[in-house]
Amino acid sequence: MSVALNVFTIAAVSFGAFFFLAGTVGLLRFPDTLTRLHALTKADNLGLGLIMLGLLPHVAWPFGALKLIAVWVLVLVASASASQLIARKVRDT
Amino acid sequence: MNVELVFSLGLALLILAVAGFVIVARGSFAAIVGFVAFGLMLSLAWMGLSAPDVALTESALGGGVTGALLLGACARLRRASDVEETLGLVGRGAALVLCLGVTTGLVGVVLCLPDPAPTLAPVAKQSLASTGLGNAVTATLMVYRALDTMLEKVVLLLALVAVWSLAPDRFWGGRPVFGSRQEKGGPLSFLARVLIPIGILVGIYLFWVGADAPGGAFAGGAIIAAMGILGFFAGVSAVPAVSAFRLRVALAAGVAVFLGVGLAGLAAGTGFLTYPENFAKPVIVLIEVAMTLSIGVTLALLVVGPPGESFGP
Amino acid sequence: MSIATIFGICAACLVGLGLYGLIAQPQPLRKILAFNILGGGIFLLFGAVARRGAAAGMGGDPVPQALVITGIVVAFSATALGVAILLRLFEETGGTSLRDTPKESQSEETNS
Amino acid sequence: MPPEAMASPNAGGFLVLALALPVAGILLVFLAGGRYGRGITLALLVAGVGIASVIAGGVWRTGDTVTYLAGGWAPPLGIKLRADGLSAAMILVTSVVTLAAGLYAPHEFRVPPGKPETRASLSFWVLLLSVWAAMNAVFLGNDLFNLYVALELLTFAGVPLVCLSGTPLTLTAALRYLLFALLGSALYLLGAVLLYGSYGTLDIGLLAAQIRPEPALWLAIALMTAGLAAKTALFPVHIWLPPAHSGAPPAASALLSALVVKGSFFLIVRLWFDVAPRMTGAIAGQILGAMGAGAIVFGGVVALRQARLKLLIAYSTVAQIGYLFLMFPLAAEPNALAGGMFQAISHAFAKAAMFMAAGLMAGVLGHDRIADLSGIGRALPITVFAFGLAALSLVGVPPSGGFFTKCLLLSASFTAGQWWWAAVILIGGLLAGGYMFRALMPALTDPEIPLTLPAPVSRVREIVVLALAVCAFLVGMFPQKPIELLQIGRVHLPEVAPP
């Protein structure tokens, strides 16, 4: 059981880290602000979600898990709003 | 070398690289963005040093609120018309030699620090029982060295008076001008509406658990301040006028309660800043409530700046 | 080599970097940034000292940790004051130079 | 409760009051508003002079230090407050000078009828109380981090005082002052961190018993001294001082020049004489002394060339700070410490009187150009007399405080066989005589058109200035008692052998 959980954690966190890497490459290589934004938010939100998922089995239930999920949701809200603001700024100028 | 050491080494190198970037970057904006990243990585370093209380304060204040303050300043200074003469080559060389000397000396001292290291951890732990607290850092701030904490609250209040004193006379008594007015209903105000209640809850939670777990009035107050800044910036809540009496009370509450409790101890004969036996924890929590409020409001208003709008409608 | 030593040396380098920026950077805003790096280095050094003092089941000496929290708040206040002076200076003059304003006569009028 | 809770119950509580009173004043003024700033501050300052007298009396009577454990926690975990002879004398001087500034200032920071408060009124009274609180904290603190907080309190009180008027010139001066002050306190804190890392305590008494002559100690002392010297405006890091001190309102200039620079200086004294006595080495002392000598000569020469009175007084501060640092190369001589502290005290009175007198003159004339001061001696005889009296003390004419300072330092330098400091002291006296003569000469001449006062000058303000000048003059008349007071609590530790 614990071996399976560990394998799951390693896989999920690695995938998450890969998405972060992809997002960063996108940020650096994509041609304009909007596409960069797309790469960054998509990959980071997914990456963070995967890392959060991978860590879930290792924290105390229920409050530790709730805290982890809350972190992810809050980052989602913040990054969604921030990219909206940046996108609007791009559109308006 | 184990994994933790390798991770620490990598983090330390990264911190140095970012700090170097902050110092030498060409543009102020880039330097400030680098500084925010620096603050976040520094809080990771604090976790590595087993100092979660400091990590919380550093990430909230060192990176977050300071970053907001500096970015705001940078945006307003964009039109600054300066022809800055940089230090000459000789001057820069001299500065470099001086700084290298200081760093070398410090590295030498760090490597030669006594072993075993002198520490107050056992004394602090041993005295913890009489305070009713479980977190030794909070106990140090609120009990063992309460005088420092109280004076430091005075420093914070004084800093705000100092910032206010920079207002032009005609604006005195009015509200600071802050944030974008036209964004009403946009994503920013959405974010503010969603985040502020949660953030204030988190701030209160941090202060509350600070008695026994990492957290405390400083971390909690900093998060509440961040929520205030967001609310003011999004136009969701109005910046209070500097002459408003209720605002003054909220700002002075922390020092006032601290000083009041201290003087009560003096009057009762047990001594300045002593806490009543068996009731130590409730009294400390009372001080911390007032402190969290004052810290939150003061930090937020320090970022918002001096009044820039005449009093009245 | 321990974690405390690694971050201790890192802190020493941060102090040097911050000091250099504070001396060599001409713009006040950059000087304020450099001061924050310098402060971060000093606090980190204190943290390394605290880590070395881990004892009695605690991960570090709590006294320096508490002092660092106090110090961070003071450093922030200093930054806020510096920024406020800088912004007011900019409003008054349109610049942020630390050089003396050329018109010496200006100050005499303000005395009256 | 910890067992140490009951610590010296008699005068100890007054140490707490010396801190609590100004802090309470800050809160009261902040809540009540600038309109009530004057009343609250003056009432508290009168009480403060009383408290300072009780503390000084306690130290004097018992011939021993007064201590208090904040919260009942003994060092190294807790913080001890401690008043020895030096602190007793300094808190007394601070309360008197602050009271004088409080009596002098209301005319500039009056709240016009119909307005609840003005920016300047709230700021000034809060800042004045903060200077007072910070100075008391510096003098009574016995813990290096507690002293760091006190030092920062002093910075946050001093910097905004410089730019109360909000003109570009004062804003630049304040920004530069802030940067120097921040660098100074950062270096101080860095040194304190090294000391904690090496000895596990920040308490001055415990440190003194534990220190060993080793690189960590030397680096710590060097960093802290350098930082504090930058805050004290010791030559050659004095460049922030003249614009800052000359641009502030007169009452603020008086506080800054008379008191605030002495705060950081006092900490250097604590470091060299209490934390690490006889461990700082002869070369380090000579370097500090040389910087002091540089300040005396450079400040004097530049003061001679000033066209504006306030700048002249500010450069005179640069020069007078130099005398304070002559005690370090002569540290082995008991007269040196007394001479330096005497200088701190008599300069505090004299410089406060001069800045306030210059403020009154500038208020009448509308400018402070030295060349156009003629007639002011006839128009404001008391003020100009007070200015002259204070100037005589700085020059060192017997029996003034300045004369006595120079006597002590001269005798110390001769007994130590370091005659070169004596030469510097004499040159400094000549220079001071020169620039003070230059400032006073035009004021005593009659102009072609007799001066007419735009408004009568407040008699209270003139008397305050005169009282300060008389204090500066008189401290030299009865030197024996103050010197005995200054010696109380000087522990001459036996040489500490490395364990």
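Read from first to last, the chains carry the letters A, B, C and D; within each, the first residue is number 1.
Going forward, a contact is a pair of C-beta atoms (placed from the backbone, for glycine too) under 8 Å apart; a residue touches a chain by one contact, two chains touch by 3 or more.
Computed from a prediction, not measured in an experiment: that's the story for all the values here.
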Contact pairs, highest-scoring chain pair: B-C
Geometric centre distance via CA averages, chain C-chain A, whole Å: 33
Whole-Å gap separating chain B and chain C, where each centre is the average of the chain's CA atoms: 13
Where chain A and chain B are represented by their mean Cα positions, the distance between them in whole Å: 27
Rounded Å distance between chain A and chain D, as computed from the means of their C-alpha atoms: 57
Sequence positions of chain C contacting 2 or more other chains: 15, 32, 45, 49, 52-53, 63, 67, 70, 74, 77-78, 81, 85-86, 88, 97
Multi-partner residues of chain B (each touching 2 or more other chains): 102, 106, 110, 113, 117-120, 124, 140, 144-145, 148, 152, 155, 159, 162, 166, 168
Overlap residues in chain A, where contacts from two or more other chains coincide: none
Contact pairs between chains, per stated definition: A-B, B-C, B-D, C-D
Interface residues, chain B side, partner chain D - complex: 102, 105-106, 108-110, 112-114, 117-120, 123-124, 127, 130, 140, 143-148, 150-152, 154-155, 157-159, 161-162, 164-169, 172-173, 243, 245, 248-249, 251-252, 255-256, 259, 262-263, 266, 270-274, 277
Touching residues on chain C, where the partner in the complex is chain B: 1-21, 23-27, 29-30, 32-34, 36-37, 40, 43-45, 47-63, 65-70, 72-81, 83-88, 90-91, 94-97
In the complex with chain B, residue positions of chain A that touch it: 74, 77-78, 80-81, 84-85, 88
Complex contacts: residues of chain B adjacent to chain A: 186-188, 190-191, 194-195, 198
Residue ranges of chain D in contact with chain C within the complex: 77, 145, 148-149, 152, 155-156, 159-160, 163, 165-169, 171-172, 174-176, 178-179, 182-183, 186, 189-190, 193, 196-197, 200, 243, 247, 308, 310, 362, 366-369
